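As written, the chains take the letters A, B, C and D, and residue 1 is the first residue of each chain.
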Amino acid sequence: MTDLFWPGDERAGSHFSTPDFVGALLAVEEDWLGREISTPVDPDQLALAAESGGNPVIPLVRLLREQEPDVHRGLTSQDVVDSALMRMAAAAAVTLRRDVHAVAGRLAELAELHRDTAMVARTLTQHAVPTTFGFRVSAWLTAVLDADDDLARLAFPQQLGGAAGTRAALVELGREVPLGVPRWHTTRAPVTRIGDALAGVTDACARIANDVVVMSRPEIGELAEGTGGGSSTMPGKANPTLSVLVRRAALTTPQLAATLHLAAAQQVDDRADGGWHAEWATLRDLVRRTLVAASQTHDLVADLVVDTDRMAATLAAAGDTVLSEQRAMAAAAGHEPATAYLGDAAAHVDAVVARARQTLEETP
Amino acid sequence: MTDLFWPGDERAGSHFSTPDFVGALLAVEEDWLGREISTPVDPDQLALAAESGGNPVIPLVRLLREQEPDVHRGLTSQDVVDSALMRMAAAAAVTLRRDVHAVAGRLAELAELHRDTAMVARTLTQHAVPTTFGFRVSAWLTAVLDADDDLARLAFPQQLGGAAGTRAALVELGREVPLGVPRWHTTRAPVTRIGDALAGVTDACARIANDVVVMSRPEIGELAEGTGGGSSTMPGKANPTLSVLVRRAALTTPQLAATLHLAAAQQVDDRADGGWHAEWATLRDLVRRTLVAASQTHDLVADLVVDTDRMAATLAAAGDTVLSEQRAMAAAAGHEPATAYLGDAAAHVDAVVARARQTLEETP
Amino acid sequence: MTDLFWPGDERAGSHFSTPDFVGALLAVEEDWLGREISTPVDPDQLALAAESGGNPVIPLVRLLREQEPDVHRGLTSQDVVDSALMRMAAAAAVTLRRDVHAVAGRLAELAELHRDTAMVARTLTQHAVPTTFGFRVSAWLTAVLDADDDLARLAFPQQLGGAAGTRAALVELGREVPLGVPRWHTTRAPVTRIGDALAGVTDACARIANDVVVMSRPEIGELAEGTGGGSSTMPGKANPTLSVLVRRAALTTPQLAATLHLAAAQQVDDRADGGWHAEWATLRDLVRRTLVAASQTHDLVADLVVDTDRMAATLAAAGDTVLSEQRAMAAAAGHEPATAYLGDAAAHVDAVVARARQTLEETP
Amino acid sequence: MTDLFWPGDERAGSHFSTPDFVGALLAVEEDWLGREISTPVDPDQLALAAESGGNPVIPLVRLLREQEPDVHRGLTSQDVVDSALMRMAAAAAVTLRRDVHAVAGRLAELAELHRDTAMVARTLTQHAVPTTFGFRVSAWLTAVLDADDDLARLAFPQQLGGAAGTRAALVELGREVPLGVPRWHTTRAPVTRIGDALAGVTDACARIANDVVVMSRPEIGELAEGTGGGSSTMPGKANPTLSVLVRRAALTTPQLAATLHLAAAQQVDDRADGGWHAEWATLRDLVRRTLVAASQTHDLVADLVVDTDRMAATLAAAGDTVLSEQRAMAAAAGHEPATAYLGDAAAHVDAVVARARQTLEETP
């Protein structure tokens, strides 16, 4: 699966693809039925038949019952769609965290490697004080670990309530379902939490990409993507393509997460009249774009070219500007300026790297 | 083309589909080259090759040049992508306006038919004063005509600036392009205006669907969809599926239009570093969802079941409540209440219908 | 503090008001300085002086240093603004959770009281199967408890990094700050998490308000607000004003939360060039609107009028429609339909109420 | 009026301030009454009384009727609020266009002045081909003129429909209102169009600010703000504060415009149940932030420091890189590279400047 309108989409593999959705719907029905279903399902036919009832489960059940009359007994279509979405989301989260951890692992290496690589800090775009590239990378790493913490907390509950959540049909049929199995037809925190966490991942990826985009400008030249993208008309031009594509994603995901909240806030009655239906494609796009962005970010940091000489040169050229604060502080403290002016940057790098190592170890 | 995650997607036909995009890209290159291009293009291969340069034109040109070395001379990839998007958008707008006009035509009929069908007006969900169903339909029609006015104003400019907008390569090659042909690599009003107008269309469609969803509640029962959607578990249930799906769309399009503005606000340099790339899929989704919503709205109003008896009964039952304002006004004016209390509703209906007729006549 | 453009704003009290912000900024400086600051600060003067440096701390420090030359030593303005925002947010969260818990407490009562109050379930706006009002309230309560869980997880870290995060000035001045005190100048998860959790609260409030708006329609009449709002022209009209205002809030907060994500995704360098500045007013509006919505929701549920006769009448009138599923299930199971068809609704109500009680007990 | 959370807010003057809103509400009532109203109105009292009915007109009318029993006869509160909002918006648009035109005028001067100032074009952050600073400014100017075109098309209709749009009370009272006076209680294109146009203005302002932020980086140094903002800890640092604050605004306005669309898509019945109420503060924030951004952009371009030597030096240093396309084109065309490689940049600058002059002349 790929998307000509979203270069790199193939990195998301089959997650939330049409076959994946069909497979997840079938798996939910199979689990409920207690045996395999062998009816072949044509995804396009299913999609075409989905509109009249508003969702794909109605025609799917009609089809399956030709061979399996007992399929779907006691369920409502939302039970099946929601459970299928959560299966897909859970699988995608495993893949996503693998990529996020790969990014974190690489950033931990970079932070350690450049723990003492001096460069100029920039605030509001201007030269500020000295820093290290390792310290900068520790900020990237913090963003990634924060995002991973939110991913780690996600749950992917199945949905099981029947027509209106009361499980009346299940009881009528004599099927017991433990109370602990949740029902959340009209309370959508399980969905909005996923959306928020995914947006947090693209925030973190963009935070890295923004720096690469700035620092790979030729006038700065302290970073470069390992494999720059070409131009259709200018031979030899090398663009920071991965960074550009990651930034692209992060411009779109917050609004998708907001759509999930808006849909949650439209819940009404015992099952909603539009808010639910708006979630499916929104979640699909959020998941795939986040997977793509995380994977691209991994390539980006894996092959990142760091020009430490250029960093040193820029810092040296910045000269007095970046020492003005130190002089003021030393004067206030009544002593001569210390030779270095890096505060606890190195210790902070160590602490962030240690946090990363712990995260990476704890996760299976 | 259809989408299992967005029931009804097939209504958008091939607009902004992958083959449509490939075709539009080729058409732009052909126009520039001045002759047909016969190289077969595999869309999936193209999509897979698009990431390294960040857009599909770079691999496309590489492929085409195997047979046509002169293709793309003097253009930049953004010239081709933007021009292709605008070709597709222009074609989609023609289809969209056809559907919007069909909705308007049907609403004009309904408004006239029910010009004097009395019903209760509802404000903040409560019974207010008498009105007519024709008057209510005139509000729907106004929303649709306002949206159509915005569609009518759209332009779909080609893009032609070369590598950095200066047309240096074109001049070097001796190709003259009139100044009037615009270049808008980093000024994206042509894109944001389309997004805003499309969101306006789904606003209007939802405004209708919201009323159908309310008025087809069994306790109200004044309206019904012609063909209600079924349930996977409750035989005989008839849901207002089209309205639900239209409402779904309108929960998502404003955020997509916002994404286009955010992308416009990220423009920088002579060609942007992410803002441009975020537009393509966003515009695709906006266009297709709006096409689907307009088409569904047409079906909705074409087959709408109006229960005038129920409207009359509700109004009669509301009784004194809906006449309280009239009594206060008549007392203030010092006369007995008039027999009717419909203001200039009928004349307003006539005026809105006349506006619709004029729009429908003027458009080829 | 109140806002003519946002009726009910005064419910948010002084949280994130101008004096609150000034007070929080001063408190941060005082904590750092180690003693009280007595310099009077005129908030309007401060606001007017804030533009030239882009934030209010620069003129504040200039003012304070007239009397206290040692104020702010080693800090950067972002340390102070961020820490002040977090102080205000922490205080607002305490108030908010108090209201959220009051809502939960009242809903637990309502759920128990109406555990066996039969009514018709509605799905996609249409009558579905029997349910109880207590079961419906348990959904409201679940939404509120889910939102509260997210609030409970929030942290409100202080910010302490100095000019570029390295704490160079602090070390130069000889002030030690434990590594555990975080620095998050360019990693904004602490902010986006707050935004997401707040949006979750308005989602939950709206989920309740939506039902009240529907069920207080005169044709349904199963619920009513205790004190309906009046009309400027129709004597005697009673509108579900609180519900309307709660729904209003929930239409706006998801986009505000999205803005915080977009700002997070714009982080660059060692301190950002616009993303940071976009947060302050956005967070203020999010916090205040959520406080108002929660407080209004509390009034709404505290005074909610439940018409159990009307519920019973509607269910009786729905008749066969709501039993169609049961008949199908009983036939499938090969027995006569049971007398009731409420599944495990009552047990589920008990479980949700128990969850609420536990939450309310655990929180100080 | 100013806002400590939004530095620069005072630039928006009293537009959409509380007194402005009260004044506009009173002016609408006065116009309808046909004479001045002398009752003093306390804005805070009004705001506090607004919640119970959901809007400020209900308590306002109650207050005014103590002295003027005939005030508001036949109107509904939405007539007054909507008309007041449109009065305020119309006045704000006059101010805004004045600022936008001032920006355009200054950009036209800059474009002409630097029509032949050579610099390097940058695409996807990398050096591309030669361009001129005048050409770059012509892109800024195009963005501003496009935004102004959208502002010029805006209408600010009054609202006059009575309780449910039918003008029943007006007719009962014997007051004739021409049909041409619109009523748009539930069709909100007048509001969404304003929101979209305002977002278009901040898009254009940000497009300029983004370039300043990049080009004033010390490593590039081709532009600088006339008066850089200071730091609270680093003496001598000069930040591009105005650009930063303009970028801030553009991160927030698209979501506000989206909120207006979402509110429009929530319209239902004859007057809505929340969608309307969400508009007021949203429109206020959109208007004020856009006014601030336009005014800041004017200061930014008025005082912009252009370092033409640095531009020349960067272009010279870029050397062969920026000529690679030219060589390829000249080879394709079979001739030697021309001496310049600027295409029709100068002619394009002239055309854009001419467009600006025409706009500025046509507007009174």
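Annotations
Convention: a contact is a pair of C-beta atoms (placed from the backbone, for glycine too) under 8 Å apart; a residue touches a chain by one contact, two chains touch by 3 or more.
None of these values were measured; they are calculated from a predicted model.
Chain centres were defined as the mean of their Cα atoms; on that basis the chain farthest from chain C turns out to be B.
Set side by side, A-C and B-C show the greater C-beta contact count at A-C. Repeating the C-D interface with over half of its contact pairs identical by residue number, the matching pair from B-D, A-B or A-D is A-B. Look at where the CA atoms of chain B average out and do the same for chain C: the two points lie 33 Å apart. Chain A and chain B have Cα centroids lying 30 Å from one another.
Centre-to-centre spacing of chain A and chain C amounts to 24 Å, using the average Cα coordinate of each chain. Shared interface positions of chain D, defined as residues touching 2 or more other chains, are 54, 74, 76, 122-125, 128-129, 162-163, 169, 213-214, 229, 231, 233-234, 239-241, 244, 247, 251, 255, 258-259, 262, 266, 273, 325. On chain D, the positions that touch chain C within their shared complex are 2-10, 16, 18, 21-22, 43-44, 46-48, 50-58, 61, 72, 74-77, 80, 162-163, 169, 209, 213, 227, 229-234, 239-241, 243-249, 251-252, 255-256, 258-259, 262-263, 266, 273-275, 277-278, 280-282, 284-285. Chain D contributes residues 122-129, 213-214, 216-220, 229, 231, 233-241, 244, 255, 258, 262, 314, 318, 321, 324-325, 328 to its touches with chain A in the complex.
Residues of chain B that touch chain D in their complex: 54, 70, 73-74, 76, 121-125, 128-131, 135-136, 139, 142-143, 146-147, 149-150, 153, 162-174, 177, 179, 183-189, 192-193, 196, 199-200, 202-204, 206-207, 210-211, 214, 247, 250-251, 253-255, 257-259, 261-262, 264-273, 325-326, 329-330, 332-333, 337-338, 341-345, 347-348, 351.
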